[in-house]
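Both complexes below contain chain A, partnered by chain B and then by chain C.
And now, the complex of A and B:
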């Protein structure tokens, strides 16, 4: 099993619903975020192209944060997701330094926190909060090892990219382009 | 020309707009750890070569500073942790892939050993010091036959302690400026140079001073070579590494690095040391103090610059 997410940049309108849903679901303290919106404008006027992405931890298959962690607090959980055990985290911040996506932050309670793919919801058979609320159905979550899953079919059919593949992290978030 | 404008909705403290998770605590520790490693290395090396009477300051006296330096450094590390009272988790896990983990274990071995090592020299280093208790004196004299064994262990541990801090930074591929294999050897050389300079500063033995001046001169030359080599590596690498090097070649770290570290911290002390070896009258403390100050600056600038360098996408 390999949990992954496909995010359709052609459908995303950058409404930030996913950000708000995540903050509510996971009680993310004010001023912090586990997911966020990025807008890029490429080209030279008048030939401009815009892309909107909802970004979060990429739950990398080769996660540098898991390598950097001195205590096994950052580890691969069920379905290959990268999670932080709060009771084992000493707050050394090596994982934050090691993440090329800057997806982690120090929670005011001291431990390092990040996206969990809402594993507590997934275990109950629900979608992650961001996926569940997306008004344009831009996000698809599922198991990439299951050839019958929606995400596998979508990623097989569409053109996609991952963020900074050259960093060697093998991300599990696919941006459909 | 194609340009890309990125607007991010994220403004996480300590991460945006540039990473600033590590303040003064980490570079201070990197300096103190390197300094302590340098002192232990010379002390152990010259003990193995039976040169303790030729180099009394380096072998017998300076090791007394090591437990103090390490204690301050460990205090700084502790202050940096944001989930402090879970720090013991470092010692319930061994993670070979994490340089921070083997650094923590090295410190656990080297700190007590450095105390025992210094104690074994107490009688020779400070003959007037009265221990008062006879049982303590007996323990200390029992330690002496094991000095060579301790020296072998210390030489290995000192190299690991001096290098791992640089390897720790170089292992972060997310921060292009740290991501250079030169970082480990550079920090080790800088730590050894700091220790050699402090010997020349404190010793009253003319022979020891001139020998350590020569050692320091060689170490400064190696450091300059590493620095040039590091920038050659960056400039021959990917776009993000070129951009990281540009922080130092016209960017905001240009003056602090080339003037304070390379100029005042390495080149000027090297010139002063050459003059001194040629029997010109140069105040000895100037070059030593500059080397030590340069070594502090190096750690602060490297830690700061690594956090300012990043992948852009």
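And now, the complex of A and C:
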């Protein structure tokens, strides 16, 4: 089983609903976030192209943060989700330095925090909060090892990319373009 | 001996157990990614109460969830609600911040110094009511009850409106009409006999071509509409966006027409010309339903794409190509009427041109065009007849704005300013949920009106600019702490939604229902408030409909099947009578002609920015609603301030860098009271600047929002009034940059 997310940059309007839904669901303190919106515009007026992405931890299959963590607080959990064990985390920030996606932050309580794919919801049969709230249905979550899953079919059918593939991290967030 | 399990090991083990659970989860069918059972999640949904959102006018229905301690935790959408389809927008999701905002109004206040000085003393509710009732009675005796006016936005308006009508005035206005969507309603009523209303009756879900004229869907987070927009994009619909700014919608469009601002009418007329003279219009539909085609054809003869090119800067071949795209998709095409359309003062006529385009394309009443909404009928509570007012707001404007269908907020404000030759000025205001200082254009005029009042009562949840000028502030509880009127929705299927309190009132606040009733008692109007509790009123209403409050508590939303199969009444071209004078779609508007207005739209050249000035364009951001969410901790976190968008060429001329703070000065020498950061971007024309509306708060009681970004409203001092319906055109203002602000005034 390999949990993954496909995010459709064509459907996304960049409203930040995923950000605030994550914050309320996971009680992320105000001033911090586990996911965020990136808008890139290329070209010069009036020949322009725009891409909007909801970004978060890529739950890399080859995660530098897991390698960098001296206490094994960062580890692979169920379905390959990269998880931080708050109890084991000593707040050394090695993972933050190693992450090419800037996906982690130090929680005011001293540990490093980031996207969990809302594993607490997934365990209960729900989608992650960002997926469940997205008004444009831009996000699809599921098991990439299951060839019958929505996400597998979507990623097979559509053109996609991952972020900073040259870092060799093998991300599990697919951006449909 | 086995090794004792340390706490950390235990947690690791618990994690493994959880992983095991996932595999065996009975709720999630991993094979197909389907949720099997939604509402049976133990732990996730310990307790939930139904509500509908009050952060904007879309009013999506949802559920408020509580944490283990019974406090409000999060809000999610109601799956059965056609406004949101189970998914709230960022503002709705962040609505919790409205409840938790520590800057809220917490107790009734009475002003002790002059208006605007923000010096108040705390008062009891009874004291506040007595003060208001005395002043209202004084106004009634001296000038008549018609001299009281109500400005309102949101669900409190229903109850306060009842109070005002019972008192003897129907001067009840919402800025959502004359400052926003009014021209669209008048333009479409003049053509099809029916307006667009809210939520818009646009069938974006099934459209093949959507034309957006300055309408920035996605940035205006009108939830259901944005959802359908994304579906349409995904399904390959052609999106044509006409906007001086490369909006989010433009980024998803096949055609972006970066039109020179204020020239939309020329483009619309050229499109009409192409549709008619290239015979691309729906001939059968027009022949059967339309009135005045020959007049229209003769009228647009000279409005060629070549003519429009010189005005709009849009190339003729693009005008022709886009017209053909629309015709190819006909009748599943929408030339979107927009929502905030009070731009240049000829807005009703521009909306007429949009309506005419839709008529030529045969999209009204057809799938993928404009559907026919169904609305459930809900009984209102019984009360004695309202006294008939001797005058209303129209009295102040003889022979003006004759097509206005609703009261004008700006009109009531103008009628308050003394020195106008009329025998009744408005003397008292009740302002509920609308920050008139930021909402109405021409702040100087608004302030002059306020200073002339005998009484101004502000009912709000937050200290806003307008509360600073109040004689009495009545603190309203947030929508999460109160019952409210049923939300009655006109949609593909009609529905009602219930709001019940999700928490005890956090402060010494009341709901509009309570305030209207208690104030009504003070004024001796008890007969108009027959119910002792709001629960009893709602239950009575629901029982009349064969439902009950208890049943609604469980479901939140009740949908009603359409009584007839008439969602697309003009499919198959049946006989049909429109609610117009001729019973036809009026390409030539007889109602307009009868009232002395042009029956066919024409292009008027609007003033252009002087040298060194840029047209001020404003719009929305998806995470804020006007100025009302600026201080909401959750939404402030998403967007703390607005920025001014500047084309790189302009930035180079002025030497502006990204994030550099500048002050904006308009054509009348008004300088923004706070600075705004520059965003250098290719996404805007070189003759315009853009900023999101609702920032630059000047009320220091808003601890987060105060002084953040700049206020566009402040810079809108020149207003172009729509002669047909009194809409306030606000896009005829020009600004230039000041690298330093006005010297600080010592206060």
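Going forward, the second predicted complex is superposed on the first by the 177 of 177 C-alpha atoms of A that agree within 3 Å, B and C clash if a C-alpha of one lies under 4 Å from a C-alpha of the other, contacts with A are read in each partner's own complex, and residues count from 1 in each chain.
Everything that follows uses one rule, which is that a contact is a pair of C-beta atoms (placed from the backbone, for glycine too) under 8 Å apart; a residue touches a chain by one contact, two chains touch by 3 or more.
Values in this document were obtained by computation on a predicted structure and should not be read as measured data.
Shared-chain residue A:43: touches chain B and chain C both. By the touch criterion defined above, A:87 lies against chain B and chain C together after alignment on the C-alpha atoms of chain A. When the shared chain is aligned, chain C comes close enough to touch A:21, but chain B does not. When the two structures are aligned on the shared chain, A:98 is found in touch with chain B, with no touch to chain C. Common to the chain B-facing and chain C-facing surfaces of chain A are residues 16, 19, 31, 33, 41, 43-44, 87-88. Of all the residues in chain A, the ones that touch chain B in their complex are 16, 19, 31-33, 36-44, 55, 64, 67-73, 86-94, 96-100, 102, 104-106, 109-112, 163-164, 166-168. The residues of chain A lying in touch with chain C in their complex are 1, 8, 10-17, 19-21, 23-25, 30-31, 33, 41, 43-46, 48-50, 52, 77-79, 83, 85, 87-88, 119, 121-127, 132-138, 140-143, 146, 148-151.
Residue ranges on chain C touching chain A, taken from their complex, read 7-8, 11-12, 15, 18-19, 21-23, 25-28, 30-33, 35-37, 41-44, 73-77, 84, 87-90, 93-94, 96, 217-219, 221, 223, 226-227, 229-231, 233-234, 246, 248, 250-252, 256, 258, 622-623, 633-635, 637-639, 647-648, 681-686. Those residues of chain B that touch chain A in the complex are listed here as 1-16, 19, 21-22, 80-84, 86-87, 89-90, 92-93, 95, 97-98, 100-101, 104, 168, 171-175, 238, 306-307, 310-311, 313.
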